[in-house]
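I've put the structures underneath this note.
Heads up, the next two complexes both have chain A, just with different partners, chain B and then chain C.
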Partner chain A sequence: MIGKRKHLFIVILLSIYLLLPLLGTLLYSLADKWSDSILPESWTFSWYVMLFQDTRFLEALSRSIFVIASSVLISLVVMLLAMFVVVIYFPSKEKYLKLVSMIPYGVPAIVSAIGLLNVYSSSSISIVGTPWILIGSYAIIIMPFVYQGIRNSLYTVNAVELIHAAELLGATKIKAVISVVLPNIMKGILAAALLSIAMLFGEFALANLLVGGQYETLQIYLYQKFSKNGHLTSAIVISYYIIIMVVTGLLIQFQQPGIKKFHFAKLRIPRFHKSQIQKKRVEGDIR
Partner chain B sequence: MSRSKVYALLGLLPFAILITGFLLAPLVNMIYQSFQSNEGTFSLEQYINIFSDPFYLQAIKNSLMISIISATVAIVIAAIGGYSISRLSNRENKVMVMITNMTSYFEGIPLAFSFIILLGNNGLFTLLFSQLGLDIFSQFNLYSWIGLIVVYIYFQIPFAIMLLLPTYQGLKMEWRYASNLLGGNSFSYWIHIGIPILLPGIIGTYTILLANSLGAYATAYALVGSTYNLLPLQIGSLIAGDVFLQPHLASALGVVLALIMIVALWINGRVMRKIRRDLD
Partner chain C sequence: MSYVNVASVKKQYGNKTVLNNISFTIKKGEFVTLLGQSGCGKSTLLRAIAGIIDIDDGFISVNDKDITHLPSRKREIGMVFQSYALFPNMTVSQNIAYGLKMKKIGNKKKDMNQMIEIMGLNGLENHYPHELSGGQQQRVALARALILKPKILLLDEPLSALDAKIRKTLQEEIKRIQREMNITTIFVTHDQKEAMMLSDRIYVMNKGVIEQAGTPEMIYTSPKNKFVAGFIGSYNILTNSEWKQCINENFDISTANIAIRPERITMSAKDAENFDHTGNFTLGGRIRTKTIMGSLVRYQVDVKAKRIQVEQLFQDGEYFEEGDTVKLLIPKKACITFD
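Presenting the complex of A and B:
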């Protein structure tokens, strides 16, 4: 069919366009000498060896992991607590929880940085320049996605009915939540966590404006190396990208068939927008 | 309120603290600071300064222009590419969804760096084309207005495709057959069926792209530093280095940026309501 071939042609062009910057960077990170030929004259792994022997890189990486892990954990725990309280005790107030949780989604990092600096560079609580302000603000920027993820899986497993059933069988509310609902929504929680991790690994604006060189995360380190050695920086970019690929690859695992009703399937759509799309679908499902 | 409900409220406490401390208090404080004069009294001084300073007006104009141009080009490419992706067979479709998904995380500093590798002064393509005797890139400067647009378009496209794909899934092949059976041609199919169905999704995506590029900071910062006059970069230069030079002015600029985004999202909401009455 001619029509099909046309689509295939467009898609191939598109994927070349999308992958070209990555491929270029990959080649550059593996090139030994590359001055005036189309492909490198010789290949080497030495940039990666050099990178992984650089303690500054390893420290930056572990700082990033620490900040991201803490903020994802805080965001999840705080949201789970709030969500259970609202769903069980104040179901009619759920729209307020949603409203508040969605605000960060409309506030660009550069804007929230101003407010955070206003509040936290003052004398009383001065945490600017420390990881704590990053953890707090990261926990906030992933809030919309954590909210969507948890809420969708709660509805998918009919959490309220599960709790009622467990109570009928003699369990307390807390026991019902811990031993019945939580295990059932674990997949949704993990997917929300993975999505948040992938997002936060690429975060630069807040890290640079709130903390900068005082607490060098992976992105800050990358920026510092930016104009120094092209090959080494390419190796950083590729390493960073491999992390993202592993995380999103795991995320896709959670979206495999067999859990079709599982709403995170729509979370393939990254960042910002997915919540909007999901929102409509979820509301439709509840009705 | 029963006793258990009062205890339950305790469960909301961490959420309230986190949201207040890192979201609401900073936002309220920013708005408050923006209405302070440099001497610390209530005034519109900062806003008057911004809107009478050609430098800041230009920053606003540049930011709007770069957002509109990059979002427009990206939405056209994404609309065509997304349609083609949705028409692929299942396996190829999956591969493409994966590629767009993964590249949609490619932005900010790593992306800026990759473009420098490809199109910078000593970039692979720049050298390649100059050796081939083609001077397409001799006029091209990545660290400029046009370079920024090229990079912005790149990071908007996978993002836009991911948003559009669900809309395309709603476009059933059967409708096209039905339209053909009833005597319609390809043109009338798109005018009467295809575009009306896709329009809400496309407009919604377009506004999100606008907002996305208006607030983008990292990519532009890595490429042009503060040498190009964009609103996020100007705000950044006022607060960078942890030394808060002019908190009131920066706050007012932040409010202006947030307002522009709110207006874009508000227009989006209005247009969507007009087109999709089923949302009401």
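Presenting the complex of A and C:
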């Protein structure tokens, strides 16, 4: 019993330690006046209204979404094609693909940013300061997550055996991949994509060094607002946390082993039987 | 008249020869088993016939049509994999109908209903593979392969993942369906009892070569070499010198080994004088262990430096205990000699 209480105490202490700064930020984002009291003297939602009415913020958000979605898409397509070719035709060469895919893990963002700047500043391809250099570098840094996600899914479903089985039943290789393998690894692909999105939303070093203010993304916007208005910065941070939490929640949802299919039908508003509707009308629930 | 002809097939992985000049033929409607230990090349041979792997040399034909370089989808071969390889995103009926859909043949609904009936899968049509038991998954895999009426059915250890009871039921069902449909079948297994029970003919494989081919009876009663004798049944295999040490009489064998099936040995506590010495060898020994095997009693008997296994039917009669001194009577006819 004492041991259980001790564990509970540690969990509570750790939760306070982790959640207190977030709670402080949340309170500050909702505070109107807060100077010499424990809790804010007055509350407001105006910082959020101001934030979501700021076209600069909305543009930065849409730029971030565009850059992240493009890089994740490129990375997925490249890695899927590479993995299919390697797994089906050259399984013994997979170690090389693994090595190449894992390199971004070992290269700090600052190093790759300086390397890219050096290469492209003196190159005829002038993409420094444009979203394209950011998309390219993001597509590379998420490669380890994408590789691992796709690889694990392919081996879990025994993709090679499934392709062989489909071929023996008359399917071409492409048909076998599309009709049998892809639907079965979709969960893994989604998990890899969501993990990458969550990671890229928090990436600052590459965005700042490669594009900076020339193509303002959410991270750059946050950095620039940081010194100007604390309340607004807090509202950005909380909004950012909510986005990350939603993405992480989806990630956990897709990684649960019991969930095989996502049924949109389950999301429909429950249908009422005619008699139920009449009854509710009488009670005044349905107008 | 041979229906399937596998001639001088060779396959190497790096320096390792997996299939070394394999040749055999199969008659139409025959049930043939490739029997051997793990890594002997039996699954590789099956996959070569299916067209899943390319061979380095040799040729394979079915009904006089050379299929050596034909892609697997054009070979008209059905296969059940060890893992079943059912499509997890499809229901039972979608799995079964997949081949018909790909090849755009047959009356999909009629053929499927017929196959579901034959396989006893009624009521499971809308279930996904993960909702089925191992035995049911195996039936779906079999139905999916058979619905296309393939020229040959290949079964790659399809029963190895099942428990003993279901395995026995499915062995009988596979045999029944094979007979009913008269489909030429090649079965791969490492289980010699399963091979004996199902096959019309057995090919015993070892290190990429066929060690012996024949009917189950022939393979069991007349193993050609030490490997086959060791793999089939539980033969007592004695070297020439061990044999000479065990027997008390002057009986020279010219071959290197002698093999005796445990159930051919008669055991008695009585004096050797009561035995018929003319057609038998008499050996004296002491029982080391006794094991009840259900319908059999298995004894391990120490005969000089060698331990000999004896099996007797578990019935009323003379039984022995561990430590008893016994006489073993081995019919001379039961001694198989080979190098």
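Please note the rule applied: the second predicted complex is superposed on the first by the 256 of 287 C-alpha atoms of A that agree within 3 Å, B and C clash if a C-alpha of one lies under 4 Å from a C-alpha of the other, contacts with A are read in each partner's own complex, and residues count from 1 in each chain.
Everything below uses one rule, namely that a residue touches a chain if its C-beta (ideal position, glycine included) is under 8 Å from a C-beta of that chain, and two chains touch if they have at least 3 such contacts.
Since we're looking at a predicted model, the values are computed, not measured.
Aligning the shared chain A places chain B and chain C next to each other free of steric conflict. Chain A is touched at more residues by one of its partners, and among chain B and chain C that partner is B.
By the touch criterion stated above, A:132 is placed in contact with neither chain B nor chain C.
When the shared chain is aligned, chain C comes close enough to touch A:171, but chain B does not. Look at A:25: by the touch rule set out above, it reaches chain B but stays clear of chain C. In the superposition on chain A, A:66 makes contact with neither chain B nor chain C. Of the two partner chains, chain B is the only one touched by A:4; chain C is not. Superposing the two structures on chain A brings chain B to within 11 Å of chain C, judged by their nearest Cα atoms.
Common to the chain B and chain C contact sets on chain A is no residue at all. Chain A meets chain B in the complex at residues 3-4, 6-8, 10-11, 14-15, 17-22, 24-25, 27-28, 36, 38, 74-75, 77-79, 81-82, 84-86, 88-90, 100, 103-104, 106-119, 121, 128-129, 136-137, 139-140, 143, 198-199, 202-205, 208-210, 212, 214, 219, 222-223, 226, 230, 233-234, 237, 240-241, 244-245, 248, 252, 266, 268-274, 276-277.
Contacts from chain A toward chain C in the complex involve residues 157-158, 161-162, 164-172, 175, 180, 183-184, 260. Residues of chain C that touch chain A in their complex: 50-52, 71-73, 75, 77-79, 81, 83, 85-89, 98-99, 102-103, 128, 130, 144-145, 148. On the chain B side of its complex with chain A, the touching residues are 4-5, 8-9, 11-12, 14-15, 18-19, 21-23, 25-30, 33, 77, 80-81, 83-85, 87-88, 92, 96-111, 113-115, 117-118, 124, 127-128, 131, 154, 157-159, 162-163, 165-166, 204-205, 208, 211-212, 214-218, 221-222, 232, 235-236, 239-242, 244, 247, 250-251, 253-254, 257-258, 261-262, 265.
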